[in-house]
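Okay, got some structures for you below.
Look for chain A in each of the two complexes below; its partner is chain B in the first and chain C in the second.
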Partner chain A sequence: MFFSRKSSSIPNRFIGSDNSSFMNRILIIVLILIIPAGLFAQITQGRLSGNFQLDAQSYRADSTIGAVAVPENFLTNSYANFRYDAGDFSAGVRYEGYLNTLQGIDPGNDGVGFPHIFAQYRHDDLDITVGSFYEQFGSGILLRTWEDKNLGIDNSLKGFRVKYTPIDGIQLTGLIGQQRIFFDMGPGLVRALDGNIVINDVVPLLRDKATRVSLGGSFVSNYQPDDDPIYILPENVGGWASRLHISRGGFSMESEYAHKINDPSADNGFIYKPGHALLINTSYAGDGLGIALSAKRVDNMSFRSCRNQNLSKLMINYLPPISKNHTYSLMNFYPYASQSRGEMGLQGEISYRLKRGTALGGKYGTQLSFNFSLVNDIDHQMVNDSTPIWTSGTDGYTSEFFRFSDQPFYRDYNFEVERKLTKNWKFSAIVQHLQYNQMILEGKGGMVNAEIAVLDITWKIKPKHALRLETQGLWTKEDKGNWAMVLAEYSVSPHWFFSVLDHYNYGNPDDTKRQHYLIGSFGFVKDANRIQLSYGKQKEGILCVGGVCRNVPAMNGFTISISSSF
Partner chain B sequence: MKIFTSFITLFFITFGVQAQKAKLPNVEVKGLDGKMIEMSNIQKEGKPMVISFWATWCKPCVKELNTIRDIYPDWVDEADFQFVAISIDDSRSQHNVAPFVKGRAWEYEVYLDTNSELKRALNVVNVPHTLLYDKKGKLVWQHSGYSVGDEDVLFEKILQYSK
Partner chain C sequence: MMKNLSIYLFILIAGFLFASCDIIEGPYLEDNNFIDTTKDEGIQKNVLILEYTGHTCKSCPKAHRTIEQLEELYSDRVISVAFHTGYFARTFSGDKFTTDFRTDQGSEMETYFKFAVFPVGVVGNLEKSKQASYSSWPSEVSAVIEDVALVDLFTVSEYNNTSGEIEIKVGLHNKSTLEGNVSLAVYLLESGIISWQKDESQDPIDVEDYEHNHVFRTSAGSVWGESLSQSDCSANANIQVIKQIQMDPAWVPENCSIVAFLYETVSRDVIQCSSEILIK
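So, the complex of A and B:
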């Protein structure tokens, strides 16, 4: 999923601004009705709280790294939440401003407004929300609305949601709404139901058993009128999912299967094949040892409330990438993103702690972790002898459920050792091998094979003063070639930090692109208030949070970030 | 829109100013055993409570919680308090939280904030973020980010409020 500054905006016919002002009026009426009723006493006992964040960046052209200036000179993203909680009642409003939108985030956001307003009432078994809300059924593979400001994602639903717990162990959720796109609403009408049963809570005989079992099921339907000139499209696209969770002691097994009826869309090239997704997570958590193993299969499972949308806009479901979300920059240089058209993968992670005071563990203990992920394309066969796969207006392809295609998307093997050497010295070392299908994931190049190494050392110089040194290397013959990275960070707890960071593309096949990307930063923290200033060059790269990524262009200039919780 | 904004402002002015009694919002989180529990049922009466927001993919968070693990036995000896770590991992890495925690021998209570509902309700901007509630459940201190030594500042606060 990548944004570019020039990406096309949404056609006007999909913008339902009349609709949103109508929704606002309904909200006001509901709020006015809720507030004066018996809640008055509670409300005066409540608490006002919130948070605030501002990110501003100046842009100077630098042809050596491909950074461009912007006509505005600098751009800002900002938001502030205000929230009121009183007993069973909560209400909140969020301001958002994109003046104009920072590069790397969809410029469709440009503007200022209060796009998120809600009121919620929770009492015993009942939970009612009106306005904007976030919801997730199970693992989210059929429905998840969420936000991430760093990625410019917010697909919240605006409408009405009820949650009801008729008896202990059973929870029912029903909702209806339209999804947010920038400061407007998408054209689809999303209706959804979910039920969850914890068997042990419902059957008294099983209440104290060590084995715990829960079951869940969801149904989601999206209505969008068919205005396609060529195809007859389903106006109501329905999907269902079922899930099972069994746990006993440290063992756990969770699985969810989702199915969606045919839903020709821009994502799947307007084929009429139904979609599905399967996710299985198993784990063991014991004393000093943890093992997690997952399997996933996705087949044509993009689900949006607008069939013509792309990137992260108006997504109803969330397909979690089956790979580790790395934090060190060069390990995250080639990140994996879920392929809604089709993928099959496995992931595993082992965490093991060598106890303190043992020969191998040393005085303070040692942490070992190993993680791998393997993802391939799914199998594709032609629907008949004369129709190429992915032909619009047909069923597209058939696919054998358990067969991997021989097309690899991603391979990642990484091993980490963390150890405290003395009272004041700590280190962490990582080696990683990567295989990254750049053609599938970015639409350019071929397969990238890379080795990565990281060494992160922390030296506590004296109480509250620490120096952290991070060095990283990435070695590859493909794409941009080799990289080195060095970071030095000096912190004085709890208020100050200073850092200097350099990425150096010393192995770029093109001599003129062997550039340094040097950034200096300084920050001040007081309680929950932070201010951070940086100046320097930022390399082009993919920023990923929670499995969703955006492409950040090369930048040169000042950055200021301010955030506060109150 | 304008009407609504002014209405909300009026609402906050009327009711917000006079009341500052902080209680944990009624948000449900998931235990590592899969059980849902309300935040208000997690806090033990008469003890200050630390809530530390973290994620498996957040390096400073893991550093902070590893550091606290090493000194936790001393903390527990010196103060009567409750330490709760809330993971904001989403369904990409949530299944790995229990193995991650046990594999690092963290002894604190850990819960999952499956779709960041609690994170929003407590106005957390980024992880790591630490909140401290006093014995009566009132929010008395919060801190965002982690630098080496921040754990000492946190423990001073815990001592101050556990007396």
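So, the complex of A and C:
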């Protein structure tokens, strides 16, 4: 058995755990058969690489911050990748263990096993992968399988994938597989094709032109049986996408449009309206100036390989964010998550580097950047006079493509200055204005209006010794009120770092919740090995990566993190 | 030649995939006239849904409506219990969401199930790995509702309106041997409670006069029930088990019902369930 777990978490009508094991055995037999004899010689001269990560957390009840204890006292998430490359051949496995799953990550992961195993053969124009793999077509609005351990996401496909390059400039990809959910596979069968043409490579006359143009198209279909006694459900749900990329010098424009046929699901409340998504990214960079502008429209575009799933499970597509992914904690306190039911937004950024040695730029130069994001709901109209919007078992609603709803989801205006003052001092300062529709994005509260400021100063005390001081403030009359944050981090490169961090919710409307969240940490790094130990309180919050978010509960206890690669 | 062939092949496969799109023109609802909803209590297998919900969970009314659809479809062969528990069941000071539907038994359930999302529930099983979104409940109900019933299960309750005590006689007639370790659980539910509920399908989202049904109030003994003896599980056994529940004065007896169910404690499969209105 390649899989062992305490229990199966998903009712799997299409293929079960026993079948998963059977599939793995088949995979091994296929591997043995497809490896030509000559390849064995290469395999013996290959290279093994990999990495390991372990995160453990102890949990102590703390009613002042809403932290709860767990019966196990502490929980661990761990994984290790092993990859072997030899000539045209690669193979790998990943061990994962959730004993039991850290709070904030879906406890459906509980257990251990080898959920990811693959073999890949690349020769000339052909690239064949069997087993588990990740794939993305274009921007991902029709198909993207990916993993992020911090978010607890892994929607990899297990099956077959073939990539073929018939002539320079044309790449074709075909795949078939089932998606991973925890240590099992989802009930859907995903079939997909993608083609990409780089016009300049295909047409010899255009080969040396400064303007580069590429076109792409994708088709993805998911099969899931209809066993619902209430609705007549489509068993084969298909979608297509087309994309265009033009670049010349520092200018670039990428666009992609996707359409999906009726796909009633838990995400859209079982309406039958087709889905659409449009994404346009333009940018210019040159002579210290950078300009980027993005536009996005999403209309009923959740696409999963199981119509009954939720959160980030079994997602076939990915809706890229149209907001800046901030790194400072209070700027990220109210993060925006892509809304698959409908959203329409713009994002822009202008950055400019004031030249070094000028009056404004100073001795070392200064980086300025202004960024904004505006996201609203899309327009919704009733399909007829008697059917409310979003009524299950109907077409749901109609929507004018270019019309915004007057329902704002998110506003973010931020300005940043980054400057090196002397050889030993540098700083960055940010101010931000935020509007966050907490009811839409979290299902509670109302519109949160907040001002945020950040000052980050680094002082290089002496060679190998640096002190970083980070101060942040968040001011709002809504939700939990005002916050302050201070971080002091002392590093002795290349091995040691120590930090003390405090979040203080001094403006909470409830006096009893005006708490400090103090955490002390230290870490040791040597070569590719890293160990970090922390103790303290962590505030409840939302962690987002690429527009996908998860709730992180309040915690009080020790955290240990160990990572290594070879 | 081979390269052109591969492109033609690619186009052919793409065309084949395009053809495999099931566009539903409507009507979108199944014709369910063929479903026999005639009740023959204790002979046919009833299906138990344990639902976990909360009054500030804006998506939870979708689960409530799904249960209503199933009750309409299968008559009273679908028996649901709504545990209000966790983050979304918290109460607030002020004039909204002040009703406390939470119970210690609901918290015990939450500790076991470790819910990652609401609304969520289990259909015909108490195993935590079987928790599923409301949208899959219809499929899960239809998958088991035609199963053969192994036991005839029913309750006869007597309510003493002076003392508030309810005596529940649970009757079992085993049609065949009940394998494994079997437990019997008995719950008191209340329906028709008018109180606040968030409902994302409404505008405004906070609904003042929402009707809360099948609300779990208490259990006779442990929420996980008590084990039956091996002799109680033998074929053709006729068993009567007596349970007591104490009513809370705040509960309306006319709106209460008694739910009893048997389940195997290892597989946690629900063997049979029954529901009885407290005051007919």
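Note that the second predicted complex is superposed on the first by the 549 of 566 C-alpha atoms of A that agree within 3 Å, B and C clash if a C-alpha of one lies under 4 Å from a C-alpha of the other, contacts with A are read in each partner's own complex, and residues count from 1 in each chain.
Here is the rule we use: a residue touches a chain if its C-beta (ideal position, glycine included) is under 8 Å from a C-beta of that chain, and two chains touch if they have at least 3 such contacts.
Small disclaimer: the values here were computed from a predicted structure and weren't measured.
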First (chain B), second (chain C), both or neither touched by A:D227: second
Partner chain(s) touched by A:L54 [first = chain B, second = chain C, both, neither]: neither
Partner chain(s) touched by A:S265 [first = chain B, second = chain C, both, neither]: second
Contacts of A:I562 with chain B and chain C, given as first, second, both or neither: neither
Contacts of A:A466 with chain B and chain C, given as first, second, both or neither: first
First, second, both or neither for A:F497, with chain B first and chain C second: first
Which superposed partner A:A453 touches (first chain B, second chain C, both, neither): neither
Superposition-derived comparison: chain B or chain C, residues of chain A touched: B
Shared contact residues on chain A - chain B and chain C: none
Touching residues (chain side chain C, partner chain A) in the complex: 2-4, 6-7, 10, 13-14, 17-18, 20-24, 26-30, 32, 35, 56-59, 62, 65, 69-70, 73, 111, 114, 116-117, 127-130, 132-136, 138-143, 198, 200-201, 205
Chain A residues touching chain B - in the complex, by the definition given at the top: 21, 24, 27-28, 31, 35, 43-51, 53, 81-86, 88, 90-91, 93, 113-114, 117, 122, 134-136, 139-141, 144, 146-147, 171, 198, 212, 214, 245, 247, 250, 252, 254, 279, 281-292, 294, 318, 320-321, 324-328, 349-353, 364-365, 367, 369, 418, 420, 458, 460, 463-466, 468, 491-494, 497, 525, 527-530, 546-547, 563-566
Contacting residues of chain A [partner chain C, same complex]: 7-11, 71, 106-108, 164, 166-167, 170, 172, 174, 191, 193, 195, 219, 221, 223, 227-238, 240, 261-262, 264-266, 269-270, 272, 307-311, 388, 390, 392-394, 439, 443-444
Of chain B, residues touching chain A in the complex: 1, 3-5, 7-8, 11-12, 15-23, 25-26, 32-36, 56-59, 63, 66, 70, 90-93, 95-96, 98-105, 114-117, 120-126, 129, 141-145, 147-150, 152-153
